[in-house]
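Here is the structure we will look at, set down as structure tokens.
Note that the chains are named A, B and C in the order they appear, and that numbering of residues resets to 1 at the start of each chain.
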Amino acid sequence: MNDIFVLIEHRQGVIRDITFELLAFGRNLANKNNAKLTAIIFADNSKKIIDKIKTQADKITVIENPIFKDFNAESYQIALAEIIKKENPFITLIGHTAFGMDLCSSLATELKIPFTTDCLDVEINGKKLSVTRQMYDGKLNVKLQLQENDSYLVSLRAGTFPAEDGNLNAEIEKIESPISAEPDYRKFIEYIEVVAGEVDITKSDVVIGIGRGIKEKDNLDIIDEFADAIGGVVGCSRPIVDAEWLPKDRQIGSSGKTIKPKLYIAIGISGAFQHVMGMKSADTIIAINKDPNAPIFNEADYGIVDDLFKVIPVLKNKILEAKA
Amino acid sequence: MNFGLTNDQKMLQKEVRNFAETELKPLASEIDVSGEFPSENIKKLAEMGLMGIIVPEKYSGSEFDFISLAIAIEEISRVCASTGVIVAVNNSLVSYPILQFGNEEQKQKYLPPLCIGEKIGAMGITEPNAGSDVAAMEATAKLNGDHYILNGTKRFITNGTAADTFVVFAYTDKDAGYKGMSCFIVERDLEGFSLGKHEDLMGIRATGNCELIFEDVKVPKENLLGKEGDGFKICMNTLDVSRIDIGAQGVGIAQAALDESIKYSKERKTFGKPICHHEMIQNMLAEMATKIQAARLLVYYVGYLKDKGVKRFSKESAMAKYYAADIAVDVTRKAVQIHGGYGYTKDYPVERFYRDARILELYEGTSEIQKIVIARDLVK
Amino acid sequence: MNIIVCIKRVPQTAEAEVKVDSSGKDIEKDRLIFDTNESDTYALEEAVLQKEKFGGSITVITVGDEDSEETLRIALAKGADEAIRIKVEDLDELDGFKTAQILHKIIKDMDFDIIFTGCLATDDAYSQVGTTLAKLLEIPHASLVTKIELSENSADAYRELEGGLLEHLKIKLPALFTIQTGINVPRYASLIAIRRAARKELNEISKTEFGEMKSNSFIEELFTPPVSKLAEILSGNPDEVSEKLTGIIKEKGLI
């Protein structure tokens, strides 16, 4: 079988976790299907990256150019399309991340190859490819069969596959960048950091996460009181930030903060994977949600299926009693 | 015959429901407890165009028909019965009579501020000694040069504490009986006009209900609505229309009670199964749903008659209001029953619905009065 | 500034029970409430805000069944000037790629400066339509945009990356932006606007006019996600569960 390609994702000099997840997944897929795993690095300087991943792929293809210092989906698309056209891998794996989401559709469209996003699993069956992904707020899984083709593109959900150490010794191939300048119609300017607020939710042992189930801003009082009682800080899901009920630096999840507290209590949060990515490393996770089918219960250690407005005040008092 | 809603009615329903769920619902239980008039919400309601639903666009209204009015009041009442009646009064008890009986100047002066939320309207018919028997009212207005001198006390006035524009009834000629009654637009800032007792109500607690006291208030002559002696006619005609709103309010409260009951009955388990699988609970749910739908159709029907230009529909309007009130009380009572002891606590909204529903049998003509109207027509 | 906004009507499933239907390839829809896809409402609002600033007109387009007319009309009531529905009766055979191709067929002949789409539809969750469409139209794009500043021929777009980091890009117009939630505060449609919108003509185009189009994929089956690890659900009334939970928290030495 032709190669399996994995696109290396890095930002501000740091290899993103998704890279190791893709490599581990790609390696398993390659082993199962007798294929070679090739990692593709676009960077201005690839040395540090190569060092970190060289045990994890059969081959590393490196395209070094100053234009790849920062991510520009357009430059990546043009260059990667050239390489894929030439090498014709059976499948190219890219992270379903903010980078991947900006890159993949146009890449697949340019190459005219079947593509699907946000996959949890990929199965190769001869020349056929089927994937598993989620729909309807994570309440259902779907198995999709892609149009049969020689080459496929798939983006994988971050945080789904455990990273693994490798024992390979990758052959390194450096190739000229197919482009030498950023396209003039899309220029990368800069990265802008989120301004830090007064509370740092990544530093607290106990974090109370609040979601759309809180219904209105005024109800945050109940949560603040509860957080005070248990001695934690309040973080939230994205809709709470969208509604401007809490500042951006309290958002937990893929486009917010990643937290690793000893205890995380998710209240009125459905458990969308973007949220889960930010809190799943908590030691103990408790979920309070009135919907018994909410995906958050698949992540939690303990769950209460009930109306948060009924539970929280009682729970607060019990905690206070227990502390006294 | 057509039982479907039009495009604009469907869209109005959807958008008002979204608005009510997001903007009004969060406050509903809080203002029920505090009794505080939801002034902040009035601005948002006005921006949506809900304070002047049936008023033509040239007076800054939304120019919808009466079925749409019913739909809007139902959706609002479904999350907050207090806000439902606040909006109903502004539309049907105040804007409507000005629109129907006012002259062009009065319409231009009073309607736009009522529609855009700059001013709030209230209506004063009821007095300490005149409730069901409207003609027994004691308030008087004596012409004196270019103004009337208004004296009297109005009781139980919805929106009273918050309103700026009052439609008030008083006798200009007591000897002429009900034909001597007249109707005035009275502004809040007139000298001698004060607010009396604020009512601490059982339900719809955030409606600014209070007494209006008029002591030698000089009401400009041009504020007479219609002619002298038109008062009783204006009053009855207005109530025929406003009973659409009250019917719709009943349907909204009842629907909310049913929604909560369905949800609760699926969650609560007794004797090993969710209570919605017990036949007696199902019996209640089926009755509730059927009655609500029947009431809704009665209410829509009156709206349809009004929209079609039918002149007299007192009987139909009384039927809709009486029936909707009746089933709202019945449905909310059943909702409390389905919730068991929890239904009797403030942890669930159904106790509020039950209290709120109770007003429907009382205001804008008690249920007894509605039946009198219906029966009189039957045997006339 | 002529703006096209692509929107979609989707079932609201975050708090609803979602069941697979008898075909095994679709869900039971009759009890679900449908509304405009969340990020699409932000995309539309962004278009209206830009129009208020720069003038021009807004065209909303949906690929959808008859029920989507309401979605379009609500968009008209919120500030769009024109609405187009590309008629498809069997929505289930659409994947993100096919939808983008259909949109491309109609948009390629239109005059526009900007296209806004939502960044993700909550039903099929592809995050694919906008970015694919941009490529088909051969215009630049930026996805997951949470802030945008327009000038004559270009836009400063700010994409939201992991951790809330923003990627600032300069993009030449015409361009396509997929809009992330939270970029603005979507408005309600006023009653007057609803009344006007309800009477407006919608442009309807049959998909068959574009000829056959290929999907990228076919649904084999829908199923309830297997549970890797299910929480231990504490049972009882609020008092009982709180008691149990407090015990657990205490035992773990967290208080």
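Heads up, the rule we're going with is that a residue touches a chain if its C-beta (ideal position, glycine included) is under 8 Å from a C-beta of that chain, and two chains touch if they have at least 3 such contacts.
Every value quoted in this text rests on a predicted model; they were computed, and no experiment measured them.
Asks: Which of line, ring, star, complete or other matches the graph of chains that touch?
Replies: Graph shape here is complete: every pair of chains touches.
Asks: By CA centroids, point me to the most central chain in this structure.
Replies: C
Asks: What's the distance between the Cα centroids of chain A and chain B, rounded to whole Å?
Replies: That pair's centroid distance is 53 Å.
Asks: If you average the CA atoms of chain A and of chain C, how far apart do the two points sit, in angstrom?
Replies: Inter-chain centre distance comes to 20 Å.
Asks: Could you please state the distance in Å, as a whole number, between where the Cα atoms of chain B are centred and where those of chain C are centred?
Replies: For chain B versus chain C, the centre distance works out to 39 Å.
Asks: Enumerate the residues of chain C that touch no fewer than two other chains.
Replies: none
Asks: Got the chain A residues that touch at least 2 other chains?
Replies: Correct list: 310.
Asks: Using the touch rule from the top, collect the residues of chain A that touch chain C in their complex.
Replies: It comes out as residues 11, 16, 71-74, 96-99, 101-102, 104-106, 108-110, 114-118, 130-131, 133-147, 183-194, 205-206, 212, 230-231, 238-239, 241-242, 244, 248-249, 251, 254-258, 262-263, 270, 284-287, 291-293, 295, 297-306, 310-311, 314-315, 317-319, 321-323.
Asks: Mind pulling up the chain B residues that touch chain A in the complex?
Replies: 25-26, 30, 347
Asks: Where on chain C does chain B make contact in their complex?
Replies: 35, 69-70, 73-74, 77, 188-192, 194-195, 197-199
Asks: State the interface residues of chain B toward chain C in the complex, per the touch definition above.
Replies: 6-8, 10-12, 14-15, 18-19, 47-50, 53, 57, 62-64, 72
Asks: Over in the complex, which chain C residues touch chain A? Could you list them?
Replies: Against chain A, the touching part of chain C is residues 11, 13-15, 17-18, 20, 27, 95-97, 100, 119, 122-128, 130-132, 134-136, 140-144, 156, 158-172, 175, 180-182, 185, 214-234, 238-239, 241-243, 245-246, 248-250, 252, 254-255.
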